[in-house]
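Questions regarding the structure given below will be posed in turn.
Letters A, B, C and D mark the chains in the order given here, with residues in each chain numbered from 1 onward.
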Amino acid sequence: MSSNEIPLIGDYSTPDTALSGARIGVVSFPGTLDDRDAARAVRLAGAEPVALWHADDSLGDVDAVVIPGGFSYGDYLRAGAIARFAPMMSRIVDAANSDARLPVLGICNGFQILTEAHLLPGSMIKNDHLKFICRDQVLRVENNSTTWTNQYGIGQEITVVLKNQDGQYVADEKTLDALEAEGQVALRYVGWNPNGSRRDIAGITNAAGNVVGLMPHPEHAVEAGYGPTTDAGTHTGTDGLGFFASVLSTLVGGTK
Amino acid sequence: MPRIVVDVMPKPEILDPQGKAIVGALPRLGFDAFSGVRQGKRFELTVDGEVTEEILAQARTAAETLLSNPVIEDVVNVEVVAEA
Amino acid sequence: MSQQFNIDTVDNAAATPETELPWAELGLKQNEYDDVVKVLGRRPTAAELAMYSVMWSEHCSYKSSKNHLRQFGEKVTEEMKKDMLVGIGENAGVTNLGDGWAVTFKIESHNSPSFVEPFQGAATGIGGIVRDIISMGARPVAVMDPLRFGAIDHPDTARVMHGAVAGIGSYGNSLGLPNIGGEMVFDSVYQGNPLVNALAVGVMRHEDIRLANASGKGNKVVLFGARTGGDGIGGASVLASESFDATKPSKRPAVQVGDPFAEKVLIECCLELFKGSLVEGIQDLGAAGISCATSELASNGDGGMQVELTSVLLRDPTLTPGEILMSESQERMMAVVSPENAEAFEAVMDKWAVEYSWLGEVTDSGRLVITWDGEVIVDVDPRTVAHDGPVYDRPYARPDWQDALQADTFKASPAGVNLPSLGEELKAAVLELVASPNMCDKSWITNQYDRYVGGNTALATPDDAGVIRVDEQTGLGVALATDANGRYAYLDPYHGAQLALAEAFRNVATTGAIPMAVSDCLNFGSPEDPDVMWQLAESIRGLSDACMELGIPVTGGNVSLYNQTGTTPIHPSPVVAVLGKFDDVARRTPSGWHTSADGQALYLLGTTADELDGSEFANLRGHLGGLPPKVDLAAEKLLGDLLINASRDGMIDSAHDLSEGGLAAGLVEMSLRYGVGARVALDDLCERDGVDTFTALFSESQARAVVAVPRSEEVRFNDMTSARGFPVVRLGIVDAASDSLEVQGQFTASIAELREAHEGTLPKYF
Amino acid sequence: MPRIVVDVMPKPEILDPQGKAIVGALPRLGFDAFSGVRQGKRFELTVDGEVTEEILAQARTAAETLLSNPVIEDVVNVEVVAEA
């Protein structure tokens, strides 16, 4: 592939190894949409994106994994329900739970897949207003000690893109209380809850902090000109980069 | 409280993408006994008090007009279920 | 193969010339059927009849419009052809973007299915146009959706609106295609005939361009994607008994259901095929399904093809050969693959879990031969099916009511008296205008569309044009806008079509892109009505003349006829899409100012005349008559040049073209874009142009735009406009602290009240 | 061909946005008899041949693992339906 060519066919493996040397896998399922965007975010953060195919049975030697957004298998049964059974998901679940604690970020459909796979508690149901919604969304970072949020300040408000149809986070009260008590609510909606999520939850983490899932899309807020709009100008927002910078700092620099 | 169950299925001649996706996934999970799957909807309507003939008739009309889209779906069942 | 029917073979047809065929039920006219018999030298078989009937339909053969559409191909200069890599006639035209990149785009209609079943009708409309783009070898990168529904308060409008918007969103969002713009018009003329048009745009490297032709004797023909069901043949179920015995036809779907997941997989799978150069020719299956794909592939290639129809994978095993040939099941493609590549082709299918079946091969016989279990049921010259359909010179004449309509001007009518003229009256009128169904904020719709996916959206709704980056390294990109004004076209179809082009052109240029190419969707009533035929003829003549004058070619499009309820046609609605090019999309100009633009100077480019006929304001007063605004293409071109240069040289920070709703709508939209106010005075404008304040605010004079110029650039900006001799007047400044839009000496409207008016309408009704 | 029907409903404690929207729409259309509506899913699995105990067991497992998500849904019914 010549250098002035964007990959036309979802093959975004970059030949030049990124500065950090970190390799971050981006999983594609049939129906995944934001894989190329997630790969771009990984690259802009300074790591090397590695394409992972749902049907493959090996993680290769990636240092972290992003499960991107989209409509895997059309989301026809339930969002993430079929994708969860892919061979690649078994590898990811094992690695995330192993002593090595593989960092895993699930974005939107990726978050839904992580809940279906029981790596994260709760589930997502249809938005309370029943419509797909796309907007620039403000979030508050509630936990900045996870692998994916350690470059943010606690309580920091960030603006990223939100777009989903089944984004209403639900869990029973006991689970919700436990999440709050353990600091596992990683991100909350600010200003307006766009889908009726319990307790304004936008994203959560597992107890160990290596697995994070969120409905909004940080990978769509990484490049000035193409992200959410801020006071600085049209589409200028890059607040999402912090997620990718966070995992890099963990991988390259030990913990923060 | 008694409930009325309304079952709605995609018409047989209409493509059912949902069912198609599931039928593709089943064998991969080791379920090999099923040659076809169709996905429809099940509604449970709660009634306060007794289910009269009139209320059942209402449920049937609601099933045909609101709960199903007659162009692509059939109401396959409307029945009263006793209190759980 | 269970066979519930007797097969009507070619031999049988030759032996039984007297057999009656249901050609009239299939929509053929006597003369057309006679032509089929003449072409074949015998009666057609049932399967052949199926093919000719669908391929010779208005939709596939353009029989009423062909004679007029020729002008799009004729009125082009060498200069206009310079960047046209593939012109009209293929699935979609292809335009050269430079650096080895090419872009393809096209607009199509899915009007009547969207009235019957709005969700699925609109969804499959997106699906169909996207397959056109894939079949050119391109990766689709964005969609747009020009929509027209009935009156906003009619009891049926919510059904159509909810369904169509959700359907477009569901399908487009699931494909991962950002929706970057469209239109939304409410008018009772569309009550029984909503217009759901869909545009898709794709990009590719030059070497990836694929054409729909079947060349190379011995190459194999393959059908892949969804299985074939009885979709879209409901009206033709007469063929279910094509053996002409009494077999009971099984049920055929009344509407089609889309499977966006299947299409998304099909996109990736096709791109992988293209990357590996695994297909020689490719064709999407849309209207007329396999009939269209086989006859077009064959006639555009070496001219021969042999197909075994029982190899087609079916969703419904009761389908007869004729029905299989006519089926319009979605999410299917047909390709021609060389024998050496067959194995690699199959590997790609397996990787994506896409079903496929090998149907036959390319021959050099000049015949399209289709067999059923080895028996020949079709033996035709494919050209006669695909290209030699009937062509009609339908009679047309200027309607006898046209003169009276044009004489009935707004200001002379009872609706045009007591117009607002001062302060609070004007303010009330502005609020009424921006809250009106056609001028109100569209986010109720557009928030249901993903505009970010892909990460290359530089501008999207509500900006004047959608802008997509094509090359991440250089920022090379495209801009697209679609426009139409049915009221203007009703008053004057020739100029109405030109006004649609002018507005789309202006929208593209306003963002800073250089307009390059045009696609159009001509939505009209029945061509058998001489009044409607005249509207169609005039619109095509007007559009083609204007394209010639602006120097941008039509590269493709679509005609949708018979949009009428009883004998009442819709307003003529030529929807025009213009594609523009950016060397670097970072230069794009947004349509409103931020707080950071505080103090920037606001200028109005262009002149304002008393042009209220057909306007949104007249529409609010229930009046439609007179003549639409004047078209001045030279002025449009000059304005476009100014906006493009100013954007490239960093002279303007935001810009918005003026169209429906005039300056009032423009100023309000710019202020509301980011909720930042402004202070303007209209005295200079009124004095220079000789108009009153009301006219200055509501006239819809063309070739105008409002721009915000940083103070440091004002001298340069003024020098540029005066050097080009383009009229410009300073209106005022951006005033962030005011939180309001002030028209000095007239009224002040707070951002909050403007917002409430502008954004309240759609949520109130839907 | 025999079919196995699987019915899945949202758990009672989980808010059901679709059911809620329907319950709001019913009275506007003149259906006043229903105090609550919940929307679930109905799957019809086709079996080629006879439905053995083993196949039914497969259907039950598929219902619990794939067709429903136990965090938010209950399988309320798995039953064999004779040929239509």
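Going forward, contacts are C-beta pairs under 8 Å (C-beta built on N, C-alpha and C of every residue); 3 or more make two chains touch, one makes a residue touch a chain.
If you're wondering where the values come from, they're calculated on a predicted model, not measured in any experiment.
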Would you mind telling me which chain pair, A-C or B-C, is linked by more contacting C-beta pairs? A-C
Provide the C-alpha centroid distance between subunit B and subunit C, rounded to the nearest whole angstrom. 37
Could you state the distance in Å from the CA-based centre of subunit C to that of subunit D? 41
Express in whole angstrom the distance between the two chain centres, defined as the mean CA positions of subunit B and subunit D. 7
Could you list which residues of subunit B touch at least two other chains? 17, 21-22, 24-25, 29, 39
Quick check: what residues of subunit A touch more than one other chain, meaning two or more? 73-74, 76-77, 82, 85
Multi-chain contacts only, two chains or more: what residues does subunit C have there? 259-262, 353
Of all possible chain pairs, which ones touch? A-B, A-C, A-D, B-C, B-D
Name, in rising order, each residue of subunit A that touches subunit B in their complex. 73-74, 76-77, 82, 85
Contacts from subunit A onto subunit D in the complex sit at residues 77-78, 81-82, 85, 115-116, 121-123, 125-130, 168, 170-172, 196
Quick check on the complex: what are the subunit D residues that touch subunit A? 10, 13-18, 21, 66-67, 69, 71-72
Could you please specify the touching residues of subunit C with respect to subunit B in the complex? 116-117, 120, 226, 229-231, 250-262, 315-316, 329-330, 353
With touch defined as at the start, can you tell me which subunit B residues reach subunit A in the complex? 17-18, 21-22, 24-25, 28-29, 39
